[in-house]
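Got a structure for you, questions after.
A, B, C, D, E and F label the chains in the order they appear, each numbered from 1.
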Amino acid sequence: MKFVDEYREPQKAEILLIEIEKISKTLNKHVKIMEVCGGHTHSIFKYGIEEVLPNNIELIHGPGCPVCVMPRGKLDDAISIAKHNNVILTTFGDTMRVPGSKLSLLQAKAEGADIRMVYSPLDSLKIAKENPDKEIVFFGIGFETTAPSTAFTILQAAAENINNFSMFCNHVLVIPALKALLDNPDLQLDGFIGPGHVSMVIGCKPYEFISQQYHKPIVISGFEPIDILQSIWMLLKQLTENRCQVESQYTRIVTHEGNQNALKAINEVFEVRDNFEWRGLGNIPNSGLQISDQYAQFDAELKFSTPNNQVADNKACQCGEILKGVLKPWQCKVFGTACTPENPIGTCMVSSEGACAAYYKYGRFAKAFSQLKVDENKVIA
Amino acid sequence: MPQNPLFQNIGKNRAKKVRDKYINLTHGSGGKAMRDLINDVFVSTFDNPLLNSLEDQATVNFASLIQHGNKLAFTTDSYVVDPLFFPGSDIGELAINGTVNDLAVSGAKPLYLTCSVILEEGLPVETLRRVVKSMQTAATKAGVQIVTGDTKVVHRGAADKLFINTAGIGVIPDGVNISSKNIQPGDVVIINGELGNHGAAILIARGELALESNIESDCQPLNDLIANILNVCPHINAMRDATRGGLATVLNEFAISANVGIRIHEAAIPVQEKVKGVCEILGLDPLYLANEGKLVLIVKREYADEVLSVMKSHPAGKNSCVIGEVIDVPAEIVLLNAGFGAERILDMLVGEQLPRIC
Amino acid sequence: MCLGIPGQIIEITDTKKKLAIVNVGGVKRQINIACIVNENHPPESCIGDWVLVHVGFAMNRINEEEAAETLQILQELAAAQAALSN
Amino acid sequence: MPQNPLFQNIGKNRAKKVRDKYINLTHGSGGKAMRDLINDVFVSTFDNPLLNSLEDQATVNFASLIQHGNKLAFTTDSYVVDPLFFPGSDIGELAINGTVNDLAVSGAKPLYLTCSVILEEGLPVETLRRVVKSMQTAATKAGVQIVTGDTKVVHRGAADKLFINTAGIGVIPDGVNISSKNIQPGDVVIINGELGNHGAAILIARGELALESNIESDCQPLNDLIANILNVCPHINAMRDATRGGLATVLNEFAISANVGIRIHEAAIPVQEKVKGVCEILGLDPLYLANEGKLVLIVKREYADEVLSVMKSHPAGKNSCVIGEVIDVPAEIVLLNAGFGAERILDMLVGEQLPRIC
Amino acid sequence: MKFVDEYREPQKAEILLIEIEKISKTLNKHVKIMEVCGGHTHSIFKYGIEEVLPNNIELIHGPGCPVCVMPRGKLDDAISIAKHNNVILTTFGDTMRVPGSKLSLLQAKAEGADIRMVYSPLDSLKIAKENPDKEIVFFGIGFETTAPSTAFTILQAAAENINNFSMFCNHVLVIPALKALLDNPDLQLDGFIGPGHVSMVIGCKPYEFISQQYHKPIVISGFEPIDILQSIWMLLKQLTENRCQVESQYTRIVTHEGNQNALKAINEVFEVRDNFEWRGLGNIPNSGLQISDQYAQFDAELKFSTPNNQVADNKACQCGEILKGVLKPWQCKVFGTACTPENPIGTCMVSSEGACAAYYKYGRFAKAFSQLKVDENKVIA
Amino acid sequence: MCLGIPGQIIEITDTKKKLAIVNVGGVKRQINIACIVNENHPPESCIGDWVLVHVGFAMNRINEEEAAETLQILQELAAAQAALSN
C-alpha cells in the first residue's frame, strides 16, 4: 500500500537505527522522550521499537490515548444512557471494554443495552434514520483528530433535521494536557514526539509554547516505524545541536496551519469546557469540548439525566502515574496479575494504545528477551 | 532462563476463571475469554484425558472399541428446549440422555459424546455452569464421556439463551442386529412406561398456558435397560425411543419402514392421570406427546415374556407392558383399538403439538 | 483511536453532502470529504487525490512531494553510510 | 388385500415434496411436515445408504474402518456464520470443510459426518435447499458422506435464520501421531497460504461497515493436501487449521500445549493486499483474522523442504511457506519478528476481532 | 377423571351397541342421522363409532365446526390485520392451519406476522397489558359455546379500560344454519344429534322448531363415546316410537333454559348480523354475530380496514357439499390425494372436527378394515 | 372447537373479577366463573363445584344427580340384557 509500505521497510529502519546509535553515543547521557499519542505507543510496541533503541534512549508513554484517559464516571454515564429502553448507543469499538465502576459497555450490552459499534460517527445518522422510534446517542470520544468528524456529523444531523440523534460529547484536547504534564515537577523529559494526526487538524503552531516556554524540542511524527525512528533521530539531532524547535517529520500530512475546514467545524459545533476530568490526571482546565448552545438539541447531556458521578479509581490502579509517565507499567503492583487486557483494572490496560496493554500484549518480557537475541534456530534471516 | 519475575507468572496467567456474570461476545471470539470459558466451565467439569488434550478432535484406538462389538453407531441431536430447566430435568441432562438413547436403541453401548453449544450474548454464566454440570452428572450416570466440543456465542436476539448439540458414538455387540426392517407380522409392541410426561412437563413449565401441575419429565438414559434386555434376548427386531412426535410417530415410522401394519390397544397404554388432564384441557393426544426416556420395542412374540420380565425388574422399565402387535395388512398403517370393537387409524402427527420440547 | 490510513479517492458520490469513494489497498468505502474541499478544490476535483482517512472522513490530502522528500533523507543517510563502510 | 382404491395410495401419500415457501413450526414437530422436509430436502440430497435407512443412528462395521488405520478421530463444530452466503463460500460448505479439517489435522481420513440444523421459523425453504446442496457438493469434494442428522425449528427470533452442527469421524493411519505435545524446539512452522481471507470476506459481506472489496473466503477442505503431506512425511509433529482467532491463536495454543516458544517472521507471512487494506482501515490484525482453509503445521526442520515441495504442488498449498521456528525460551510465548532486529509478543486474542465468522 | 372415564368404558359401549343393534333391526330401514357439531364428528372418528354401528345406521357429518365454515376471505382479513406492524393477533390454535386464499395464519406467522396462540380469549388481555405499544386483536371464532367467553373478555376490557385490545368477530350461530340445512331439499335426514356445548349456553328450547315445524327428532348429546351411543339409541327409540321431540342425553350439563349469565353477556356485547357467509353454505341470514355499537371501540373491523373480499373456493373443493351432508368425503376427487391434512385444500380437512380430516386421519380406510376384523395375532383381547 | 372438560373448583382467587382455580385431573388453571355465579350462588360458594371448562371459562355447573341418572339407565339396560341372556 502506497504511503504505508515505504515506511515499514526493515532496511530503512536499519539505516535510521545506525544513525540513532551514532548520535546517542555522542549524546552520552540518558535521554527521556515522551511520545504523547497512544497511536505512537501502539506502533512502538507493535514493531518492537523500544527494544532496538540504544540503552540510553528511553521512551516515556504519554496520556494520548482517549480511551485511557476516560474516567470511570463517564463510562457509567454512557451506560446509564444506553440502558434507557429506547436508546441505541453507538460507539467506536475502542470503548467497548473500558471498565466503568461496575460494567463495561460490552458487559452492559450483554445485559441487554442496545449498544452498537460504528466505524464512523456518520453511521449513527443512518441508524437514526432507520430507527425513527429510537433515540440514537453517539458516544463521542477522541482528541482533535476525531472532533472534526463528530462536528461534521452534528452539522449533517442539523442539515437533515434528524431529531432522534444526539451525542454524548467527551472530546479532549491535547494542548492543555501537555501543559499540565510540563508543569509537573516529577517528570523530567528531554523532548516530545508530537501527535501526527492531532497535528493534521491543529497544525504545528499550537506546540510552539513547548519550545518557547518550556525549552523542549518536539518532532511531530507519522505512525509507521520509519516515521517514529526518523522522528527520534530528528529529536536526538535537536538535542545534540542544542536546539528546541517544533519540527515535523510528518510533512506529507501535517501543515503549519492545520486543517481550516476541520477547525472551523470544531469551533462551530463545540465550545471548550472550563474543566474536564482526566483519568489519573484529575481536572485539567479548558481540556474538554462540549456541544455549543447553537447545537444544544444534539447534546445528550441535556437530553438524558446521567448520574454524573466522579468515581474514584481502584485503589491498586496506578494509571495516573503511568499516564503522566512517572511510573512504568511493570511498576504497578497489579500489572499482569490482577490487571490484564482480558480483565483490566485500569484503562491503560484496555486499548492497545495504553502503555500497560502495550507492554503486556507486545512487550511484557522485553527485558527478558534481550538475553535471547542470538538464536541459532532462526530459519528466516 | 531469564529471571524477570513477571516471566515466571506466564503459566499461571494463561488459564483464568471466568469472572463475567453474563456471556458476552468475547467468549466466542477464539481468544483468551473463550479459552478461559472452555477451561473453567467445560473442561474442568467434563474432565477426562481424551477431552483434556484440547486438540481439534478426540482420538480413540480401535483396539479399545472393538472389545465391545463389531459395529460403530454414530448419531447427533440438537437440543433447543424452552425453558432450559423444567420439572424432572433440564436441557443438559436431555442433551446427554437424548443422544445416549439414540445410540442405545441400535443396541450400541454408548461411549463418547461431543458437546457443542451456541450461547446467546447475555446468558448468565451461572446458568451455563448449571447446565454443564447437569450434562456431566447425566454422562456419569449413563457411563459416557464427553470428549470434544465447540462453543459459539451469537448476538443477543440471534439465539434463545442456549442450544446444545451432542453427537455420540457407541459400539454394537456382535450378533445384535436391530433395524425397523426386521419387523414381522406377529411381533409384539412393548413400551417401558407411561407416555407423555416430558411433553406435558415442558408445556406446563413454559407457563404460557398458565397451567399448574407437578408432572415431571421422564428424561432418563435407556442404555442400561437396553443392555439388560439384550443380555436375555439379543434378537430384538426393532427399537426406538419415542421422543418428538410421541409413540404414534415411532409406530408409523416402523410401519412404513417395514411395510407392515401395527395395532395398539388404547386400554393397554399407560398415561398418568395428570398428563391426561393436560391433554383434555388442551385437546392434545398423549400418544403424540414427547417422551425422553420411553422405549418402544418390537420383539417376536415368543420373546415377549422374557423381555418384559427383565424390563420390569429395571428401574427404567418398572411399568413396561405390551401394548399391541404387528399385523400384515393394512400395511404402513397404525391402528388404535378403542376397546369396544372399534378401530381407527393412528396417523402421523400433522401440524405441531408443541414446539421446542427437546 | 487516532488511526489514520492513506487511501485514494476514486469517485465522488454526492457533491452536496461531500461524499466520495476511497480505495484503500483494493477496499472501497464511502467517506466524507468536507475537510478537504474548498472553492479552490471543489469535490469534483478530488478524484485521484490521496487522502488520510480517519473514522470515515478524509482528514487531509497527502502531500506526495513532502512524502518523497522524507524518504529522500533516508536515501541520503544510506548513501552516506555506504560511503563510510566502503 | 382390500380393494378400496384409496388404500392403494397410501405409499404415495406418505412422502411428499415440501410445498411451503417458508419454514414454519410444523417442520420441526416430529410429524409429517418434518418427515417431508427431511426426505425432500436432506435425504434426497445427501442420498447414501447409511443415511437412507433413517434410523436414529448410522452404523458402520469396524472392518470397513480399520482398513484405513488404527485410531478413530471424532470431532464437532457448530456453524453460526452471518451472512449465510458470502463471497467464496457459504455456511453449508463451511460446515463440511470445517469439520473435515478438524479431522484431517489429526492425520485422519475423514469418512462420515452428521448434519444437525436449527432453523428459524420464516427461513425460506429455498435458502435451506441451497445450503444443503452446498453441503453435499462440499462433502463430495472432500470425499465424506453425511450419514445421520437432526432438524429443529425454533420460533422467529429464537435463532438467526439457520445454524448447522456437523460432527465427524475419521480414521488415523497407523504410524501417524500428530499432537501439539510433540512440538520440539528446532521445529519449523509452515502455513499453506495467505491469511485472513475468510474473516475479511465475512466482515465485508456483512455490510455493516459499508466496505466493498472482492475478497473471497478461503474455505476449502484440507484433507487431500494433508494426505499428500503424510504420504511423503508421516512424522508431522503438530497440525491445526487456523480458524477463529487466526494464526496467532493456533500458535499460542501450540506454545502453551508443548511448553515451548515460537518465533514467526512478519515478512514471511503472506497476506493479500486487499486483506491488508481491510485491516488497516479497521485497525485489525490479519494474524488474528479467521481462515477456513489454512493449515499450520510444525515439522522437524529436516522434513521441511520435502513437506513444502509436496504442499506447493497441491492446489490447496500453492502459496505454502515457512514462517517461523520453535524455540525453547520463552516458553508458552509466541514472538513476532518485525524484521529490523525487533521482536514482540504475539499474544492470544483479547476481546473479539469479529463475531459469527464460522 | 370424574365425568369423563365413566363415559368411555368399553363395557358400557357394548351394552348400548346391543340395544342399538336390536332397535335398528326392528326399524328395518336405512336411517340417516346428522351430528351437527364438529366435536361429535371428532369423537365419532376418534373412537371408531361409525364402524361399530349397524349397517343401516348412517351418520351424516354436519356443519358444526366453526373452523370448517370459515370462508377464505375471512382468513385473508385476519391475516391482513395480523400483518400490520404493530398488531399482535391472538387466536385459538384451531385456526392456525386454515387456508386463506394465499396463506394460512401459520404461514403468515412464518413470514413475520406476530400471531400468538392463546388458550383463552382472556389471555389476550394479559398480552395487551404487557404490550402497551401494540394493538392486540383477538380472532374470535366459534358458536354459541364460545361467544360468552369472548363477550366476557370484551366486558372485562371495558371494565379495565384496555384500549389496545379489539376483536375480529366471526362468531356464528347454530340455529340459522340448522334451518338452512332443513330447508335444503337434497338432504333427507331422519334425525339430529344436537350440539351439547352450544346447548349448554342456549338450552334445549331453541331446537323446538325442528320437531314442531320439520317433524324431526333431535337428541342433545355429550361428547364421550357412551354419550354419543346413548344419544343414537335415544334417537332410534324416537324413530321406532314415531316420536319427534327435543330430548337431552346430556342432562348433566344442559338445561332447558340454557345459561342465563352467558346469554346476557352475548346479548349485551353482540348483535346479530343480517347476513354472514359460511364456507360452502353461502350467505345465511341472521347467522353471525358482530360487536354491538356500545362496544364498538373493541371492534377490530372498525379499527382496521380489511380487504373484505369474498373469495371463491378452490374449484376442486366440495366442502360445501360435505358440510351440508350431501357428499361423503371420499366422494370429493381430491380427498386424500391433493387434499390432505398436511396440505388442505378445503377447511373440512383442517380441523380434526372436519369430516374430511376425521375420515382421513382416523377412518380413511374404514371400509377396508371391516374385512380385517378377525385377527389371530391380537395379543390383547 | 367446542371442547369442554369437567373440572372441580378448588379456590377462588378474585371474587370481583370472578376468577377461580379449577382442578382437571391434577392440573390446575385459573378460570373465569362469571357464567356460573349469581346472587344465589356467589363466587365464595363455588368451591367444590364441578364445572364444564371451555376456553378458560366455567360454562356450567355439572349436575351430579343427572349424571348418575344417565348412567343408571345403562345399568338397567345391562341388567335387562343379563336377565335375557340367562
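In this text, contacts are C-beta pairs under 8 Å (C-beta built on N, C-alpha and C of every residue); 3 or more make two chains touch, one makes a residue touch a chain.
Which protein is which chain? UniProt says A, E = Hydrogenase formation protein HypD; B, D = Hydrogenase expression/formation protein HypE; C, F = HypC/HybG/HupF family hydrogenase formation chaperone.
All values derive from a computational prediction rather than experimental measurement.
J.: Moving only between chains that touch, what is the shortest number of steps from subunit B to subunit C?
T.: Steps on the shortest route: 2.
J.: Going by the average position of its CA atoms, which chain sits the greatest distance from subunit D?
T.: Relative to subunit D, the chain whose C-alpha centre sits farthest away is F.
J.: What is the chain whose Cα centre is as far as it gets from that of subunit E?
T.: For subunit E, the chain whose C-alpha mean is farthest off is C.
J.: Determine which of the two chain pairs, A-C or B-E, is joined by the larger number of C-beta pairs in contact.
T.: Between B-E and A-C, contacts are more numerous in A-C.
J.: As a quick test, compute the distance in whole Å between the mean CA positions of subunit C and subunit F.
T.: 85
J.: If you average the CA atoms of subunit B and of subunit F, how far apart do the two points sit, in angstrom?
T.: About 39 Å separates the centre of subunit B from that of subunit F.
J.: Would you mind pulling out the distance in Å between where the CA atoms of subunit E average out and where those of subunit F do?
T.: Computed value for the inter-centroid distance: 22 Å.
J.: Can you list the subunit B residues in contact with two or more other chains?
T.: In subunit B, 2, 7, 25-26, 32-33, 209-210, 273, 276-277, 280-281, 283, 329-330, 333, 350-351 touch at least two other chains.
J.: List, in ascending order, every residue of subunit A touching at least 2 other chains.
T.: Correct list: 1, 4, 97, 106, 119, 123, 341-342, 364-365, 368, 372.
J.: In subunit C, what residues contact two or more other chains?
T.: 3, 5, 24-25
J.: What chain-chain pairs meet the touch criterion?
T.: A-B, A-C, A-D, B-D, B-E, B-F, C-D, D-E, E-F
J.: Contact residues on subunit F for subunit B in the complex?
T.: Listed in rising order, the residues are 3, 5, 7, 24-30, 53.
J.: Mind pulling up the subunit B residues that touch subunit E in the complex?
T.: So the residues of subunit B touching subunit E come out as 185-186, 188, 209-210, 263, 265, 267-268, 273, 276-277, 280-283, 301, 304, 322-327, 329-330, 333, 335, 337-345, 347, 350-351.
J.: Residue numbers of subunit B touching subunit F in their complex, please.
T.: Of all residues in subunit B, those touching subunit F are 204, 209-215, 273-274, 276-278, 280-281, 283.
J.: Using the touch definition from the top, list the residues of subunit D that touch subunit E in their complex.
T.: My answer: residues 2-4, 6-7, 9, 13, 16, 19-26, 32-33, 36, 121-122, 156.
J.: Using the touch definition from the top, list the residues of subunit F that touch subunit E in their complex.
T.: For subunit F paired with subunit E, touching residues are 1-6, 8, 17, 24-25, 31-32, 34-38, 50, 52, 54-57, 59-60, 62-64, 66-67, 69-71, 73-74, 77-78, 81.
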